[in-house]
Every structure is written in C-alpha cells, then in structure tokens.
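One structure is given below, represented as structure tokens, and several questions about it will come after.
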Amino acid sequence: MTTVLNAVTAILFPAGAVFCLLGALGLLRFPDTASRLHAAAKAQTLGLLLILVGAAAQTPGRHAPVLLLVALFQLFTAPISSQIIGRTAYRTHGLDRDLLFGDELANRLERDGTPLPGRGCPQGDDAER
Amino acid sequence: MNTVDVTMAVVVGALFAAGFYLMLQRSLMRIVLGFVLLGHGTNLLLLTAGGTPGRPPLVDGKSDARIADPLPQAMALTAIVITFGLTAFLAALAYRSWRLSGHDEVHDDVEDRRIGTVRERTETDPAPGRDEDNAVPGEDR
Amino acid sequence: MTRPPSRLLRVLHHMPMVLWLWLLWVLLWGSTSAVVIGGGLLVAVGVVLAFPLPSPLPGTVLRPLHAGRLLGHLLTDLVKSGCTVAWQVVRHGRRTPFAIVEVPLKVDSDLLLAAVARLTTMTPGTVVIEIDRRRKRLYVHALPVRDRQDIARRREGVQAVERRVARAVGHPYRADGPGPASGRPNDTRRHSRGGEP
Amino acid sequence: MTILYGATLAVLAAAGLLTLLRLVRGPLGLDRIMALDVLVTMAIAAIAVGGVARDETTGVPVLVVLALLAFVGSVTAAHLIEKRAGMR
Amino acid sequence: MTGVLTALPVLLPALGAGTSLLRPPRSVMRGLSIGVLTGVVVCGAALLVLADQRGPQVLHVGGWPAPLGVTLVADRLAALLLTVSALVALAVLVFAVGQGTAEGRGNSAAVFHPAYLVLVTGVGLAFLTGDLFNLFVAFEVMLAASYVLITLDADENRVRAGMTYTIVSLTSSLLFLSLVALVYAATGTVTLAQLGPRLAELPDGLRSGLALLLLAVLGIKASIVPLHFWLPDSYPTAPAPITAVFAALLTKVGVYALLRTQTLLFPRSDVWTLLACAAIVTMVVGILGALAQDDLNRVLSFALVSHIGFMLFGIALFDVQGLTGTILYVVHHIVVQAALFLAAGLVVRRTGTASLHRMAALPPPGPLIATLFVVPALSLSGIPPLSGFVAKLALLRAAAAQGTTAAYALAAAALFTSLLTLSTMARAGMAAFMERAPGPAEPSPKRPHGTGRVRSGGMRLMLAAAAGTTATGVAVAVCAGPLVGLAGRAAEDLLHPREYRSVVLEGSER
Amino acid sequence: MLFLLAAHAAVAVAILWGQRWLGRAVWTVAALTPLATVAWAATRTAGVLEGAEYQETFSWAPSLGLTVGFRLDALSLLMLWIVAGVGALVLLYCRYYIERDAGRQAALLLAFAGAMTGLVLADNVFVLYVFWELTTIASFLLIAGRGKREEERRAARQALVVTAAGGLAMLLGLVLLGQSAGTYRISVMLTDPPRGGGVSAAVVLILLGAFAKSAQMPLHGWLPAAMVAPTPVSAYLHAAAMVKAGIYLVARLAPALAEVAPWRPMVLLVGLTTMVLAAWHALRATDLKLLLAYGTISELGLLLTLLGVGTRNAALAGAVMLLAHAAFKAALFLAVGILDHRMKTRDMRELSGVGRRMPVLCTVTVIAAASMAGLPPLVGYLGKEAYFEAFLHGDRIDGHRQLTAVLVLGSALTVAYAARFVKGAFWGPPHETVRRAKPPEAGFVAPVAVLAGVGLALGVGYTWTGALASAYADAYPSAPDGPYELSLWHGLTPVLGLSALTLALGGLVHLGRDHLSIAPRLPDVQRAFDRTVAAADRVALSVTGRTQVGSLPLYMTVLLTTVVVVPGAALAAGAPSLGSPLPWKSPVEPFLAAGVLTATAAVVATRHRLTGILLVGAVGYGVAGVFLVRGAPDLALTQFLVETMTLVVVVLVLRRMPSRFSPGRTMTRVRVVRATAACALGIFVTCFALVASAARTAPAVSSQYAHRVGETGAHNIVNAILVDFRALDTLGEISVLLVAAVGVVSLTRAGGRGEARTSDGQRDVPFPTAHWDEPVRTWLPGAGERPGGERSVLLEVAARLLFPSILALSLFLLFSGHYRPGGGFAGGLVAGQAFVLRYLVGGRSDLGVAVRAPAGAVAGAGLLLAALSGLLPVLVGGAPLESAVVTFHPPVVGTVKFATSLFFDCGVYLLVIGVILKLLSAVGVSLDQSPAAVETAPIRAGGEKEGGTQ
C-alpha cells in the first residue's frame, strides 16, 4: 500500500511542480494579460491539484480528505478571480490587439450601438489600471 | 547560541531599511507602505530573534522533537494584529487628508514655518528693537 | 426577500447546504467523535439560520451518474488544458494568437450559467471574460486560435460543457428550446437594456 | 523520498521567483494581481509538500484558508482597477 | 480581593469602552464614562493605600506565576501615578463633556467616549504592568486611542498634526517592539522583574546598547530633545481637553516607563551622563521654544517639553532624593499641565483666538478664568507655595546633596528654565488677561462671532473641571508632606527593587 | 503668628468679595489688619527687647526641609513695625488716592502686606523664600495694574523677571546653605553658623537674590521702571517694604555669614557703589518720583552696607537707618503722591510754589526730607552718626577709613538730592497748575504727617530707638571700647565733623547743580536689560526656528539618526561578539529571503499606489512563509489573513485616490541622506539582532509553557498563551484594534469640513458590458440595491455558495484554536473575509442584511465579552482572566472537556468581526456611493450613524 502511495506521490509531485513552473513561465512569457490568465488559471491550478493529491496520498488518515477539500476549494475559487481579471482586462484594454485573431464581443458591441469606447486611445504611461 | 541566522538578520535589516526609507517620505501612502514593511520587519525580528525554529508548538504527544519557542510567536501575533489596525487607521488618515486638501502629503507645519521666516527676518535685520509683546509678529498668517 | 414561514422550513429548504456544512465540519475536524458530529450539526444549522440566503437550487436534482461523468470530464479537461497551456508556453511563448469567441448558451439559470462559465475556464484554452446573462451568451478568450475553425471548435467545446452540466443537475436541456422551466427570473424589475435583438 | 520533496520544493521555489518577477514587472495592475494569486497557489503547493516532507499536518488549516480566501484580495484589487477605469 | 483591585483600573475602562459602543443614549454614555473613571480613581486610591502599607500589590493575571503570565504590579509609584492620572482624566472628561468635544458635531460622541476610555485603559495598564511586552501593548492601546482623539473632527490642520503625531508615535512603537525582540533574544524573558539580573549578565556593549535604545525609544514618547519635534507640532491643534489629557498623561507615561526601566532593568548603567545632558538640553531648548511662540497652546506645549527635562533631572541624579524629586515633579506636572491646557482652552474659547498678540487686543476673559490660568501657570514656574515649587525644591535639594558638577549644571539649567517659564507665562498671562487700550494702528478686532456661545451649563461644567484640576494642583502642594514621604518611599522602592522582584517572582523558580 | 497671616489672606479675599458694597470703606477695612499686626507686635515688644523669642512651627513637608516655622525676634519685630505700620498708613492714604479698582488694589496691597509679614517672621529658609516670591508676584500684579499701558506691562515684567531671577539664585543658595548647615531653620543656622566649601557658593547666590530684590546696582533697573505703579504702591513696595526684603535677608544672615569669604567684599562693593551712583542719578532726575526712586536705591545701598558688613555698630546704625528710611521715604513718596494727585504732574519743572499753597504738607515733607538728609534731631541724623562711628572706628573692617570716605560722599549726595527734592517740589513762585489745585484733605496728609512725626519722635526719643536697634545689633560681639550708644550729642567728635562735612558738601553740590549736566552720564541699565531681553528672544527665535522646522521627514531623519547613533555607538564601543551564526536554519529560507528582498526593493522603487500595496502583500506572504518554515503556523495563518485584509482595506480606501503618488520634488541630496539614514538603521538592526541573539545564555522562560499547557486544556501553546497565559496582552491588542476601527470610522465619515475634491470631477462612465452579467435571480438578499453595472452573476453565485462555508470554517478555526492553528483572531478574520465578500459582491446593503446589528455593537460586545470573561472568575474566587477546564459527561456524547478561556476567545472573535464590519462600513460610506446616496440609504451595517441620530 505504502509503495503504491509513494509511487503516486513520486509521480504527482514532480509533475505538479513542473506544471507550476510552466505556469510561471507562461506568466512571464505570454504577451498580454488575458493570455497570461490561461497560464495562471490552468497550468497553475493543475499543478496545484496534482501536488495536493500527491500530498494527500502521503498524509495519514483524517487529514487526507482535508487536502482534497483544499483542492476542491481551489477549483471552485480559481475561476472566479480569473473571470474578474479577464473581464477587467478586456474592459481596461489589457489585451494585445495585434495578436487578436477575432473579437466577437467587439462586433456584438458595435451591433448594439455601443462600440468599444476609447479603442486605440493612448492610455499614457500610467500603466496601473 | 545564536537564534538568528544571517539570512533572516539580513532580511530583517532590509525590511527595516526599506520601511524607514519609505517612512521618511512625504507621501502618506508611501508612509503606509513603509509602516507595513516595518511591521513585517519587526514581527520577523520578534519571531526570529526570540526563538529557535523547531516543530510548531503544538502538544500532540506524538513527537518529542524540540518545539519552537511559542512566546515570541504569541507576541508577534499580537503585534501583527496591532499593526493591521494601525495600518487601517493610517490609510484612513491618508484618505482624510486627500479628501480635505486634495493630496496625501505631510506638509510642513504652518506655525513653525512662520517662526522660521520671522527668524530669518530678524537675523538679516539686526535692529533689536522689537515690541516685547509682539515677540512674534503674526502678520503673515 | 420574502421571509420563509418558519425556521424549520428554512432549514429543510436549505438541507443540501446544511448537509454540506456538516460534512465540511466533520472533515475539518478529521474526527467522528460525538462532540464533533453534534457540534457540526449545530454549527451547520446555526449558520444557515443566522444568515438567511436564498435557496441555491430550486427544483434541481443532482443526478449522480451524470454528475460523475461531469467530474470525469472536468478532470480530463483540466489535465488537457494544463498540457495545452504548457505546450503553448514552451512552443509559442510570446506570439500566441487568440480570439474572443461568442458562445450562445441555452441554459437559463444563473447557477447553471455560472457553472458553465466556471467549467469553461477550466477547459483547454478558454477563459470566460464576459457573461451576457440576458442574452445567455458567454464571451470566451480562446487561445491559440489561428483560423475560423478553431473558433467554431471552441464554441462547440463550451456548449458541450453546458450540456454536461445541464444533465448533471437534471436540467431539462433541450437543444433548441426556450429557457428551462425552473430558474425563471423572480425579479425582473431590473431587467436592463436590450433583450435579444 | 527526501530528494523528491527537495526537488519539488526547489522547482516550486523557482516557479515562485519567476512569478515574483512578473509581480515586480507588471506592467498592469492586473498582471500583478494575477501574479499574487499564482504566488498564493504556489504557496499552497509548497506548504503541502513541506508538510509531507516534515511529516506534520499543522499547515493544513492554513491551506484551507488560503484556498478558500485567496481570491478575495484579488477580486477586491481587480474591482479597484475596474472602477478606476470607469472614472477615466 | 486586592488582585481584583489591581486589575480593575484596566478592566473597568475596557468594559466601559465596550459598553459605550453598544450605542447607549448619550446621557448614559456620559454617566458611564464618568462612573468608570471615578471607579478607577477609587481603585487607584485604594491601591495606593494598600501599596503604601503592605508593599507592592501583585496580581498574576490568569493565576499564572510571573514569567509565564503577565503580572500587574501596583507598587507605590504606579499606584500614585495611576490615582493622579485617573483624577486628571476624570476632570478632563468633565471638561470635554461641558465643551461638547465629546458630543459636539456629528457623531463624535460615538468616537470620543470609547476612544477616551481605551486611552485610560492603556494608561492604567502602562502604569501597572510588570512585563516589557505588555508595556508595549499598553503603549499601543494608549497611543491608538490618542491617534483617534487627535484626529477627532479633523480639519486640514488637525490632519497634518495628526499625521506628524501618528507617524512619529508609530515609529517609536515599532522601535520599542524591536527592542522587546532584542531583549528577548538576549535574555529569553520579558518579565521586568526577571530582566534586571539577566541583563546585568550581558556583555557591556550589548547592555548599554539596549539601554540606550530603550532610552531613545522612550525618549520619543516622553519627548526628550532632540526627539521632541513632533510634540509642539501636534498637540496644540487638538481640542483643549484632548491636548490637556495628552499633555498630562502621555508624556508622563513615557517618563514613568523610563523611571521604571532605568531603575529595574539598567540601574545606573551607562546612560546617565547622556541622560543628564538630555535633561539640560531638553529644559533649555524647550523653554526657548516656548519663548519664541505666539500661539498660546504652542507656548504651553513647548513648556511641556521643557519640563520633561525636570523629570529627567531626577532620573539622571539617580539617588533616592533625585527620584523623589522626579516622582513629585511628575505628579505635579500631570495636574498642572492639564489645568493649564484646560484654562487655555477656556481662554481660547472666550477670546476666539489662540494667538497671543491678537488676544492682547481683545477684551480679557474675566477674573475667574484668569485665576484658573494664573495659579497653574505660577505653579508650573515653580512659584511657591504651589506644587511646582515643592517638586523643584526636591530636585534642587537632590542636586545639592549629590554635589557633582553635573548636578550643579542640572540645577542651574533648572533655575534658568524656571525663570524663562515664569517670563513666558507672564507674557502669555498679560496678553490674555490684561486689557490693553487699542493703539492707533491697531483697531480693536471684534471678538469672533459665536465664540461666546456656549451652553451656560456646559460652561459651568468646563469651569468646574478646570477649577477642580487647579484645586488638585493646590492640594498637591498642601499635602506636600505626606506626598513627599510617599514619593520618597516610592523612590526607595525603585532603587532597591528586591521586594518588587521577590513579590513578582513569588511562586516561580527563577 | 500664623493667625496674622491668615487674617491678611482672609481679609484680602473678603475685600475682593465685598468690594461692591464696601465702596471706599475697603481701605479702612484693609488697614485694620496691619493695625492689628502693629498692636500685636506692640504687645510682644517688651518681651522681645528682653531677649525672649516667640516661635510657632507647623509641619508641611518636613523631609524636604519644609517646616512652616515662624519666629519673632528683634529684627523681625523691627521689620514688622515697618511693614505693618507703613502698610496701615499707606492703606489709609489710598482711600484718597486710588479711585478705580479699589477692591482689587486693596486686596493686593493687603496680600502683599501679609506676604511681607510672613517674610519677616519666617524661621525657615524655604518659608522665607515662599513669602519672598509671593511679594514678587504681588508686586508684579500691583505694578501691572490692569496693564493698559505698555510701560506698565513692561515694568511689571521687568520687575518680575529680575526679582524672580534673583529669587531663584537665592533658592539654590538657600538649598546649598541648608545642605551645609544640615538644617533649614534660620534660628539654628544663626546659633550654629554653617561653614564649608559650599557655603561660599551659597553666599554668592543668596546675595545675588538679595541684591536683585533690593535693587542693588547693576540689578536696580526695575525699580525706577516700576514707578509707573500708583504712588502709594511705590511708597509701600519700593520704599518701605518689598525692597527691604533683600536688606532684611542680609541683616538676618549677616551674623552667621558675614565672615564667610565673599560676603563682606561683595556687600561693601555693591552697597557702596549703589549708594553713590544711585544718589548721582537722583541728582539728575526731574521727575520727583524718579528722584525718590533713585534715592531709595542709594539708601538701600547704604542699608545693605550697614547691615551686611557684620559688626555690631554698623548693625546698630543699619537698624536705625532701616527705621528712618521707612519713615521718611514713605512720607516723601506719599507727599509726591498728593502733589501728583492734585497737580496731575510730578515734574519739578512744572511744580512751583506748592509750599505756599499747601503749607502743612510742605512742613511735614520738609521734616521727612531733613531726616533723609540727616539733620538733627531727626532719626536720620542718629543713623548717620552711628554709621560714621561704626566705620570710622570699625577696626574689624578692612580699609574702613576709605570706606568712610565713600560713605561721606554718598551722604553728601543724599543731602544734595534731599535739597533738590524740597526745592523742586515746594519752592518758588506758585505755578499756574498749582494755583488751581485743591488743597488736600487732612486725612490725605495725615499719613505723611504721622510718618514725618515718627521720624522726629524716633530722633528725639533716641534711647528708645537705641533699645530697639541694639536688641538686634547685640547679636554681634560689641566693639572693644564698649558698645556704641545712640545719642543726639556725643560731644565734638570726628564723627560730628563728618556729619557737618556731608551737609556742607551736600550744600555745595546742590548749589553747583547747574553744572551737573556736564557731568558724565552713567551707563543706562535699563537699556542693558532691554537688550538682554531682546537677545534672549532672538536666541529663542533662532534656536526654535532652526530646530523646529516643521518638516516631518526631517524630524524622522533626526529621530532615526539618534536611534542609530546613540545605541549604535555604545554597541560598537563594546565590540561584542557576533557569535557564529548559521547562514540559514532551513534551506527554504534563502528562497523566501530572495523573494522578500526582491519585493521589498520593488516597493521602494514603485510610484504607484496599487503596485505598492500588492508588492507589500507579496512581502507579507513571504514573511508568512518564513513563519511557517520556522514552525509558527498560527502566525503564518494570521499573517496571511491580515495581509489579505490589509490589501482589502487599503484598496477600498485607495479607490478614489489617484493611482500615482504625488510627484516627488525631493532633491537628490535629501534622498541620499534619507537613504543613508535608513540603510544605517537597517545595518544597525541586523548587527544588533545578531549580537543580541548571540549573547543569550539563560534559557527562555517559555520552556515552561510546554509543561504547563495541559492545565489550560489546550494543545496549541501559542493559543494558550494568547487566551490564557497572557490574555492581558490580547485584551490590549483587541482594544487597539477596536479603537483603530473607531478611528477609521471617525476619519472616513462623509462630510468633513472641506467637501471631497475628486481628482478630476468626472463621473463614472461604465463600460458598455457592465450591466450584462447582472444576475436574474436574487442570490444575495441585499445585492438588488446595487446598480446593475456593478453586479456579476459569477461572483454572486460564488459568494452565495461560499459564504456559509467560510463562516463554518471560521467557527472551526475558533473552536479548534485550542488544539491546532487557529483561534479567535484567525476565526474572526476568516469570518470577516466572508463579510468582505458579501460587501464586495452585494454591496453595503447586502452587508446590512447579513449583519443586522450595528458593527460598533458587535465589536463592543466582543470587547465586553472578553473583559467580562476576565472579570467573572473573580466572582468565583479566581484571579482575573483566570480560566478553568470544565469536564462533564453528558450521556451519549461521552466526556467533554471545555476550557472557559473559550469565552475570551469568542470575545476576540466577535470583536474582530465587528472591527472588520466597522471598517467596511466606514470605507463603504465614504467611498462607495455619492454623498447623496449616503444620506438616504438605509444603513444598517455599520456604526456610521451612531450618535448622529440620537
């Protein structure tokens, strides 16, 4: 039993860590805020989940479920901030439009008669929005 | 017997330096940041200087490895909470200042400035005859 | 908010939440002693009573089988999405093209919409950045997107998620029908600008 | 096993430092918020690994709290940015 | 039973603060605050009697012996200062109620009463605690309340003053906390009674470093030159009763802490020469500052700084007589400085300005207020037979008895300061209370509108409070005999803390 | 004797009270007290002259040497006569002179008389000093009057400063003297004179005080200036009584101290110089009162010389002159007062012919002046004879012959100015103003007449005078050729010749007065005083202007520098060892350290508010990581929660503030200084920490906690410390939290005096999609109140689902705190986060629905619960804040152990929640909505309306 668990951990831990690392790399490498969100929301969460499961495999008895609980909570809350950040990024022009293949939201807005305000207007050096 | 290790001592020192550098600014918001940093620094100092690291101070009877010194932890906990309350207060003060005067800078004291100018005037103008009761003429208010 | 007729009723109304809180309590304590179990019940009922909230799931029944499938899909999606992103990071890095995709949905309940949005965020390559509740649309930031096909694929992916969610909670999902029977807005006075054009 | 834990922690630490770099560099407030969020996630992972490595479970409540509440801060900050943008 | 008595000065105001937040009606809130403070006064007095007759009253809070738990110790010094402080705090509260600071504009009542009671909690705790970290907490309690009070109804000016005050105080608090950390690092305990011997075993450099750091930190709180700058820039802007209670209590708590720690932790260690210099500089720089000011409250604030020097004087001498003098001076100064600020508040209220040269051209506020100002002003200047004289005499005698050059220098500085204090007070008093025929160039300014509009009942309360404080000051002089005896015994205790240590550490292995 | 003083005080107070209906009778009433004193003194005279002493002692603060002792001996009696007698006459005279403010003046004069009485009766140096300063204060008030005129104020302040300065010097002298003598009783000092090194210093200081008080040169400037006071006041204070205090002190101490080193030279030098120079001044004065003032100074110089020199005959002469001077100088002043009152001038150039218009006044004044000039058979003559004798044959005084010459010169000048006075005041043809003046009433002149008469009587009745004077003088050993007796005729002695010589010389000077104007002007002391005052003001201004610059950063720099330099120097000087610290305790630490350092550096560099706070958050998480690594999960938990909470609060506050810090205008130099100071502090702390922790030898006390934690029923030692071992700390800490929250409410309350100025005044322009994700259903009961643009379906659903779980978690932390990381704080903070979530998502109104009680009440209840749970154990006989472990056995459940400290923890929990609610409500009210909305919105969540609605 212990061997099995150890093996699980031995697989999950490095995998999780690597995902975390890749997520961090993505955070660094992706061109704009919205893309970085992918790294943050996915690679990161996955990495964490793997590690938590790996840890749960090592944790005796009564604490293992709590670790799974942690994973559950993380799954539940991570998308919330992602969505809020994503929507704020869009609303505050945090997208690199050079890489944008198509923007159906903008199209929709134009059809509604409320085109995207301030498109192209320079935001100045004040990068903190 | 050193309870502090070099890394932590340096971190604490850096937090103090950065915190105080910010506290020396005029912008109250930077002062708030400085204060929070200083708070971190002192809490860390309290914890590290006070105790040797060890197992968390829980008595669960399962291990007899040395536990960390709980007293500095309790003190640091108290300090953390106090710092939090005061940070909130400082932030509110910054807000109030900004609301009243449109900025959150700590400006120089008016009365002191006035006395400073009076001093400069008396020192450049050596005439000693000053009305005694008007030791500090206040016309430039 | 109308006040429920009695406290007991409210507890019954919120039974799932009470049970969940109870479970949570027991899990957190990691013990099944009588004190913990009794205390957990007290805490669960107490919290629900002290802070009244609208019932979350009116008329929905969790269907275990579909829920299990949903979970399975979720986990595989998660792994897939993780890998996708990781691959993107390694492969493309700075020049990852993306698109914002409009996904019309069929479910018409806040809860389900939220669930879909949430799960969408976990599916590969998509992050919800805007929700149009009235018109039942999600706007999804998708990556990488290189052509129209990609966009369509993404849209379908999200709709698949929606289907699975609706099944899991026993929602009468119809491919093209109007909104579901339950979850009709009980508060329409604030219905804001513009319905479906 | 110890080597495994150590290596995991080391990788996590490296990831954390990279994230910190994003936190410091910005350029948008949102990026920083995100980075902070990710940092918390990594902290959860690291604490879990550390707990296993040291064979103790005292960190578990910390984990629960972190997992459940980390988003509150980021949501607040994102709100601020949104509101600011509205004011422009 | 006496244990409760020791805890009550801390717990009562805390209870009161909690209750006053439950939104009781205004009259209840007032009654509550006044009742609580009266209770503290009674407890303080009872403790004083007990401590004087039976030795230090020790309470092991929570029933835990000293190094484990926090210990509250009411020895003579603590009980004495507690009683006097509570008395003054009570008078100031009455004044504030009368003036309407407490419940004037908007909802400041809901802020004032809890904050004031918390302030008293902190002061009480600071006097009673026998634990270094708890002392820090006490300071924080007191200071946090004072931040709130000084920014009450803050306008631009008050916010600036509040910033200065808050930021400097916060700095000192953090430094104090660092000091606690360092002390714990070096000794492994924070119980004052245990620290003395443990500190004595430390290497010299470290010990004097700690002692001086402590001196600097407490020096900020007690506003010793050159750490005093914040005080004259912040105190004068607050409403009169708040300034009064700050001036009376906060700096004195700093002095008390200095007294306590210098005797208990670093007895006659390396700081005393420095302390003597600081005392002289404080006295002189402070009073010169007062001489240069035009604003009545600022004059008094600088005088306050200056007279902190007198208290250091006795500590620097570091013998029974010197400490006696310091204790007497602290007692005297608590009462008198509060009375002065209250009287100044009345003057400003009546004339509508705090500027001396403007005040000089306004009609004087009447003989009663004049008396209420002049008596404490004379007392502050050390004019006999008022309390300031008694305290000053004790200090001078101590200096003469010691007979060193430093002692004589201190005495000379003290006398010089007394003279300038008198001169400053005379200037202020003349500006405020003498009618001057308006000169041709200076048209008599109209009294600002609405300054006289005080509810007569409120005015009566204010006058009664100021009169009460002044009368307390006079009483200090009249009861000088027993008081000197008490202070002498307290000083004796301070210098020979064996009894203190033994009662605190009773029941615990050292 | 105390009853005399009490009577003075009581009558003075009574006069102040009853001045309304007493009217002019106040003066009579006031005069009764000194008259009674005179009468009392009269009854004691016989006894005193026979050598008896009357003593009274009351205890005040004996350990300080403060014993209220009174003693009546010959000198006191003499002075008492003068003080009370002249006092009574002056008071009676005032009835005619003073018209305005009679009550106040009468009370003050009476109080002054009382103070003088006390002064001369005091038998304790400090009691003497007490009355001494009281006379200073009384004279200040009398000179200043109502302070209408600038010169009154100036003169009053000058008198105050000079005499008080002298007084302070004297006080130190008295302390030193007492220190050497071992007693503070004057009578004991006299019988057993102190000797030793300290006594010389004491003598100098005491003499300084005496000189200042009795207007000796060069400290005399205040006396002529004080002539702005009403004439009776001048007569009493500056002729008869107050200035005599200094003389009295010298006379009192001379028997004991005259032989101490600097006493005699000082007294002689100062006294004689004053005598001559002041008389010279008097010759130049045209104002009669000023003339008398300088005359007084001159006489005081003489008296000082006589009484201070310390021989029997000189003392005798001094005592006689003391009496004589009081009588004639008071009379002369009062006479000038009458002139001034009737003629409205006292300039001798405008007065002429008064002698004819007011013959009675003229006569009595001339008698008094003659006494001043030392004409026989007046008492002044007796005195003059006596002092010539004392000096001419005073072998015990070094250089007594030269001194005699000086005395002759001084006396001659006295004669000259006496003549000048009489001539200036009365002689010549009647002037216009004089002719129109109304002659004074008899009662007005009577006091003058009485005083002049006394001068005559004392002269004629010289035996009696001699008895009185020698009773004091006999304290000294008499001269070898037997005691000198007073007499109007000693035969043709050299002394008589000297007397005649003075008259002749005086006459000559008077005749040659027209040439006086070319005589050298003496340096003006007045200007010197003014210069000193101005210089003091300038120094004050300069010092204050340079130190108190009003700049907080500068203050902080000074402060930090002090903190670093002072202890740092001590630390460095001791060169303690750093020990041999490990590089790190755990390999994780360097990583965390790197993170913390990076973030810290970024905080310093950033110029954006939000960035700053986020980075600080990162630092906080890093620190929390360190806590965890070092085995402090409780701390890490709290740190994390607090960090999030700080972020939330600061962000909420920041919401409407500009994103960047105000543009810095700091000069590079200043920045470098600041950075240096900060870095120095950082290094200092680093070194200090290493040194301090290396020095630990004793074991930490906390090792005992592990052993005794079982008694608290806890497993988590940290929590046990917080709620049980050191619950008092926690109580204080929650008070801080509470009051800080109250402060935040107070500060952010809407509607400061200046209304908010938003940075650019623009209103919110919501993004077009803002209202899109408004949920259809109500997920949070109060969220419907929010504008649609601020709602989010995802958030609302999440909040709805998470809220109960978070609360359950918080309760778990609260209850499990005793056993594992958690506790009231952590629990409260977690619950607080739940409410933050409600606030963020549902807005203020939803928060109001969630918590119906006012935030302040929640917080207050928390503090109440904590404090009460501290107090309750007392009722069952425990110590405050004591807790107990209660074990009970309910049927099904089994054994339940329960620590009562849980109540305390619950209080903490509640308080933290209340505080967070309060913070939210505070920032909510001020920041959330427009002010109008604040006014109308039904607010239930917070304390924002506390008090305001009552």
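Here the chain labels run A, B, C, D, E and F in written order, and each chain numbers its own residues starting at 1.
Quick note on the criterion: contacts are C-beta pairs under 8 Å (C-beta built on N, C-alpha and C of every residue); 3 or more make two chains touch, one makes a residue touch a chain.
This is a predicted model, so every value here is computed, not measured.
J.: Would you kindly count the fewest steps from chain C to chain D, each step being a jump to a chain that touches the current one?
T.: Between chain C and chain D, the shortest chain-hopping route counts 2.
J.: Please state whether C-F or B-F has more C-beta contact pairs across its interface.
T.: Taking the two pairs in turn, the one with more contacts turns out to be B-F.
J.: Among the chains, which one keeps its Cα centre farthest from the Cα centre of chain A?
T.: Result for the farthest chain: F.
J.: If you average the CA coordinates per chain, which chain's centre is most distant from that of chain B?
T.: Result for the farthest chain: C.
J.: Determine the chain that sits nearest the middle of the structure, using the mean of its CA atoms as its centre.
T.: The most central chain, going by mean C-alpha position, is E.
J.: I'd like the Å distance between the centres of chain B and chain D, where a centre is the mean of that chain's Cα atoms.
T.: Centre separation, chain B to chain D: 28 Å.
J.: Can you give the whole-Å distance between the Cα centres of chain B and chain E?
T.: 23
J.: Need the CA-centroid distance for the pair chain E / chain F, whole Å please.
T.: Centre separation, chain E to chain F: 14 Å.
J.: Could you state the distance in Å from the CA-based centre of chain D to that of chain F?
T.: Computed value for the inter-centroid distance: 58 Å.
J.: So which stretches of chain E touch two or more other chains?
T.: Chain E, residues with two or more chain partners: 133, 137, 140, 144, 147-148, 151, 154-156, 163-164, 167, 171, 178, 181-182, 184-185, 233, 291-293, 427, 430.
J.: For chain C, what residues touch not just one other chain but two or more?
T.: In chain C, the residues touching two or more other chains are 24, 28, 117-118, 128, 130-131.
J.: For chain D, jot down the residues that touch at least 2 other chains.
T.: Residue numbers touching two or more other chains: 16, 21, 26, 29, 33, 58, 61, 64, 66, 68, 70, 75, 79, 81-82, 84-85, 88.
J.: Touching pairs of chains, which are they?
T.: Contacting pairs: A-C, A-D, A-F, B-D, B-E, B-F, C-F, D-F, E-F.
J.: Quick check: in the complex, which residue numbers of chain D touch chain A?
T.: 1, 4-5, 7-8, 11-12, 14-16, 18-19, 21-22, 26-31, 33-35, 37-38, 41-42, 44-45, 48-49, 51-52, 57, 60, 63-64, 66-68, 70-71, 74-75, 78-79, 81-82, 84-85, 88
J.: Using the touch definition up top, name the residues of chain B that touch chain F in the complex.
T.: The touching residues are 1-27, 29-30, 32-33, 36-37, 40-41, 43-45, 47-51, 53-60, 67-78, 80-89, 91-96, 98-106, 108-113, 115-116, 118-120, 122-123, 128-130, 132-133, 135-136.
J.: Touching chain C in the complex: which residues of chain A?
T.: 19, 22-23, 25-26, 29-31, 34-35, 37-39, 41-43, 45-47, 49, 61-63, 65-66, 69, 75-76, 78-80, 82-83, 86-87, 89-90, 99-108, 111-112
J.: Would you tell me which residues of chain C are touching chain A in their complex?
T.: Contact set of chain C toward chain A: 24, 27-28, 30-31, 78-79, 81-82, 84-86, 88-90, 93-102, 117-118, 121-122, 124-125, 127-131, 137, 139, 141, 143, 145-147, 150-151, 194, 197.
J.: Tell me, which parts of chain F touch chain A in their complex?
T.: Per the touch definition, chain F meets chain A at residues 608-611, 659-660, 765, 767-770, 792, 794-795, 798, 801-802.
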